[in-house]
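What follows are several structures.
Heads up, the next two complexes both have chain A, just with different partners, chain B and then chain C.
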Partner chain A sequence: MTRGGWKFWLPLALFAFFVALVGTQLLSPAQREVESAMIGKPLPQFVLAAASPDRPGVAAVDLKDGKPRLLNIWASWCIPCAAEAPQLEALQKQGVDIVGVAIRDRPEDVAAFLARYGNPYSRIGADNLSEVQLGIGSSGVPETFIVDGKGVIRYQHIGDIRPEHVPMLLEKLREAGA
Partner chain B sequence: MIAEFGLAALWLAAALAGLQLFAGAIALKGRAGELSRLVRPVAVMQGALTAVSFAALVMLFLRTDLSVKLVVANSHSAKPFIYKLAGTWGNHEGSMLLWVTVMAGMGALIALLERRLPERTMLATLATQAFVGLGFYAFLLFSSNPFERLPMPAAEGMGLNPLLQDIGLAFHPPTLYLGYVGLSVAFSFAVGALLTGEVGPTFARVMRPWVLGAWIFLTIGITAGSYWAYYELGWGGWWFWDPVENASLMPWLAGTALLHSASVLAARDALRAWTVMLGVVAFSMSMIGTFLVRSGILTSVHAFAVDPERGSFILVLLAIYIGGALTLFALKAGSIAEGARFSATSREGALVFNNVMLSAILGIVLLGTLYPLLTEAFGVKVSVGPPYFNPVGAIFAVPMLVVMAVGPLLRWRRDAFARVRKSVIFVGLIFALLLAVLLFWRPMGLLPWLGMALSVPLAVASVLPLRGRNLGHLPLSVWGMVVAHFGLALALFGMAADSALTVEKLAAARIGDSTKVGPWTVTLDSVEPVAGPNWIALEGRMSATYRDKAESSVIAPQARSFWAPPQQTTESALLTRWNGQLYAVLGDETEDGRWQLRLWWKPFVTCIWFGGLLVALGGFLALLGRVAVDLRRRVAVRKIAARKEELEKVQGR
Partner chain C sequence: MRLLSALCLAISLLLSGAALSAQDSMPPAPYAYRQLDDPDKEAEAKALMETLRCLKCQGQSIADSDAPMAGDMRHQVRTRIEAGESPDEIRDWLVERYGDYVSFAPRFDGATWPLFALPVVIVALALGLLWRRLGRRG
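Up next, the complex of A and B:
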């Protein structure tokens, strides 16, 4: 091998890593239901300011009034969030109360997003540091939690809500006491 | 018949690619003799056959031949002519056929035109081009046959995605593809040169115009795509860091780095291994981008038909080609790495810095694009967006832009900083002054503030290389550099101004209501139904007045409903002034009879795309300059040869 030979192998090593990564992804079927460590645990204490002028902010006590709800973690810059908007709309039309938490967002972007995709939320909190997001065991957007009337997390849905998930979420809400 | 004819041409082209690879490989072993003379004509023939095959598919779409599966799935007899044409490449199979057509076409062009390289390297290059081509032929023929017939002809087609039924978008994919796939030439040249070990200034000079050509198309394609997303999606944004956008940005970044490192290699015989590496990386990024988009492994607004089998197929191709090229690089790079040395304060020094920064940005974009995959492997789903890309990209983009201002003023090999001190201080003062002025003018984010303050001195610095030079005799390639750098400064100004100064207004207006947005007053005059060839729409007619001017302009956004396939789109309407654009979108009617309007005033936003086009124009000027120099050299060589012959005759031999 010639001088500095090992570093010329570096690009190949990186590429091999890439192939291994996407290869395993391609071969393993997408797993959408992940058991969350937070299921069955109460929400942490938090108070979030309003992210939108026409909806109040969110605090942990708001979710302990006896009514089960969806807690939707989203952001205006997240494309799958736009994709799930019709499903949230449909859930809201069926009487589901949806509380939104906007992650690292700007008020004007939030407003633009809601104007375009509709506003199914009864409350929207601005989580500018992702503290609530991390506190409830979510690490990405979009994610949707089912919180029962006592503020206990009952279910975690990772990724966007597709039309086929709507009946399942309604069922889980019913189990949580709706 | 046309479909079978197209398919036969494709099979023949694939067979010729096989022959081209075989003959090229034997020639490299030095045992070909007669066979090596086959390589160039075969490459030309292969290009012609793919063109025939592509033309056949175009014809099927224009006639709306409903016995062909692809036409039924992506076209409709009631579509306007231009969208029938665009339907050819507005789908997976058709776009892959376009891919091999461009690839074989580029191979044919280099086989016809390129005579400066040693013939052995040239044969190795053409063999590589054929080798890569073969994989994509196999992909087309075995897994994505565009000419497949239906057992029974359909009664009507299913139509093209309405979002794609837009004149700007009709020509967006072919432009982008010329760029994407054009970079395959750089890949083949790099692999060819690695095989024969002949990497030097000639190699760089030969590769440069081809890369430039591809890069120009890529630049135009990205610029046009960004403008399309801006007015068609109706979100008022022009870049979303969507995986598909990143897939086009990554080869552009690598191509830009390649162009700059190739000029170091051409002028100074330095950066040999690095330039070859970038040649491999640029096209690899095209292929990886295509893979990420087509395999459906990432979520994107650009929905292509998702098929895991196809994804696996492309992944295998990637592993063979990129893996093979990188292995070759690892084995051979040691023997070509030595080149000329230079001091840090020199043109080369600045270009190396530029290269490192561009590569870092490339790495950042790639990491951000792949990050969701990485975390998904651990069972966590995330979406990476502007909060990551903007600040992290800027860490590298800002120093790169600063060096871009200074670099072109430096001399090759070694320079004293004292020589350019005055210019640097002058430009630096403008920067500092602007930073201060903007700080007091109005509050804005850190990045827009930096961007706006940086763009003006950058624009000034970009024309400084013209100072003290005879403009009439300046090489075109220098003009190209100046124009491209100026374009980048202009685009930066547009981006920063857009994010710092945009005013947005959401209103629910009755007919006759006026709304103020920035300097504009917009009045909703009426909402009326209008009909197009395959859609109906509600059109909001508004009159807009700028400040206190007497005359007003009409602006008319639509909410369109297409019926084949059924889908709603918003057609935003734009009113352009020299200092920005008024952007209007018509939303739904509220229950009390008001209309939702979204209005933006976006100062200087058009600079983004004008800047992008200037960058492409700069590339075009540089290309013209290089080709002109090369032609002149060829003529001179021929003249010298003729004179020598005459001299020999006169001397009585």
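Up next, the complex of A and C:
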């Protein structure tokens, strides 16, 4: 093996390769969103009591009536949930049925939030132990799922709904049979 | 130096304040912090909780995290263990919902087999190299 041979440089090249690999992985932002693995699968069985006195609670069977809808995972203590309220209202005005699941929320806080930001929900269930949230693979608030008329989860939107997401969600609802 | 530490304190206060404002005010789930009465079952639950990822905090296991969602996941684990489910069944239930990401225990499958095979291959190569070199000299 001569000094100029390629084998002489091999360890250095390997070392440089690993430094570059670690460097690029450190600099590239980590994937922070955890996607649900439940897309395309039916909703698990659940029954949630009402979180608000003027709306009924939510059960899985309520989402199998042939009509696709939005299942909005939210909470009154969640700041982005207030930011998406106008978009939910816009969707509701366009005839979209929105079912809410309030995560770890007190009835008085739910009432205050709805009084302040409006109530676009046809039903609101109280998920005090995050059971439904865990059951559908949601890892935060707000998240919005599209559930088709057979109760199958078709799409998951992670984070607040911004104005530019509204047409996309309407399109996804159409694809789910609206 | 004093300025630096004051700055650090201010930043940490700001960050903790921002995190607190986005927390709920509900009490923790019944079995978030309460151990199971049966010590064997509690040990089983604890071992499982240490290998499940907190989805909100991501770098921590649900056993290590005080996030409310981690508490709700511990409640799920403990009540399911209490009801007679095996740790593997509970892990599979979560993986079905969140993918392999939720588990800190890597599974041996089509995508992960190199993780297990590569160390064996490398050790074999190193032994082979060593054998050749020592053999040549001896």
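Following the convention adopted for this analysis, the second predicted complex is superposed on the first by the 142 of 178 C-alpha atoms of A that agree within 3 Å, B and C clash if a C-alpha of one lies under 4 Å from a C-alpha of the other, contacts with A are read in each partner's own complex, and residues count from 1 in each chain.
In this text, a residue touches a chain if its C-beta (ideal position, glycine included) is under 8 Å from a C-beta of that chain, and two chains touch if they have at least 3 such contacts.
Since the structure is predicted, the reported quantities are computational estimates derived from the model, not experimental observations.
K.L.:
Give one of first, second, both or neither to describe whether A:64 is in contact with chain B, with chain C, with both, or with none.
P.N.:
A:64 contacts neither chain B nor chain C.
K.L.:
Once chain A of both complexes is superposed, is A:111 in touch with chain B (first), chain C (second), both, or neither?
P.N.:
Touch status of A:111: first partner only.
K.L.:
Does chain B (first) or chain C (second) touch A:154, or do both, or does neither?
P.N.:
neither
K.L.:
After superposition on the shared chain, which partner residues are touched by A:11: those of chain B (first), chain C (second), both, or neither?
P.N.:
A:11 sits against chain B, while chain C stays out of touch.
K.L.:
Quick one: is A:21 in contact with chain B, with chain C, with both, or with neither? Answer first, second, both or neither.
P.N.:
Once the two structures are laid over each other on A, A:21 reaches chain B alone.
K.L.:
Among the partners chain B and chain C, which is in contact with a greater number of residues of chain A?
P.N.:
B
K.L.:
Who does A:134 touch here: chain B (first), chain C (second), both, or neither?
P.N.:
A:134: touches chain C, not chain B.
K.L.:
Please indicate which partner A:172 is in contact with in the superposed arrangement: first for chain B, second for chain C, both, or neither.
P.N.:
neither
K.L.:
Just which bits of chain A does chain B share with chain C as contact spots?
P.N.:
Shared contact residues on chain A: 34, 75, 77-79, 104, 139-140.
K.L.:
Report the residues of chain A in contact with chain B in the complex, numbered from low to high.
P.N.:
1-5, 8-9, 11-12, 15-16, 18-19, 21-27, 31, 34, 75, 77-81, 83, 104, 108, 111-112, 115-116, 139-143, 158-160
K.L.:
Across the complex, what residues on chain C touch chain A?
P.N.:
It comes out as residues 21-26, 29, 55-56, 58, 68-69, 72-73, 75-76, 94-99, 101-102.
K.L.:
What residues of chain A sit close enough to touch chain C in their complex?
P.N.:
Spelled out, the residues of chain A in touch with chain C are 32, 34-38, 75, 77-79, 103-106, 109, 128-131, 133-137, 139-140.
K.L.:
Going by the contact rule at the top, pick out the chain B residues touching chain A in the complex.
P.N.:
On the chain B side, the touching residues are 234-236, 240, 242, 273, 277, 280-281, 284, 288, 291-292, 295, 297, 299-301, 308, 311-312, 315, 318-319, 322-323, 326-327, 329-330, 333-335, 337, 370, 372-377, 379-383, 385-387, 504, 506, 587, 596, 598.
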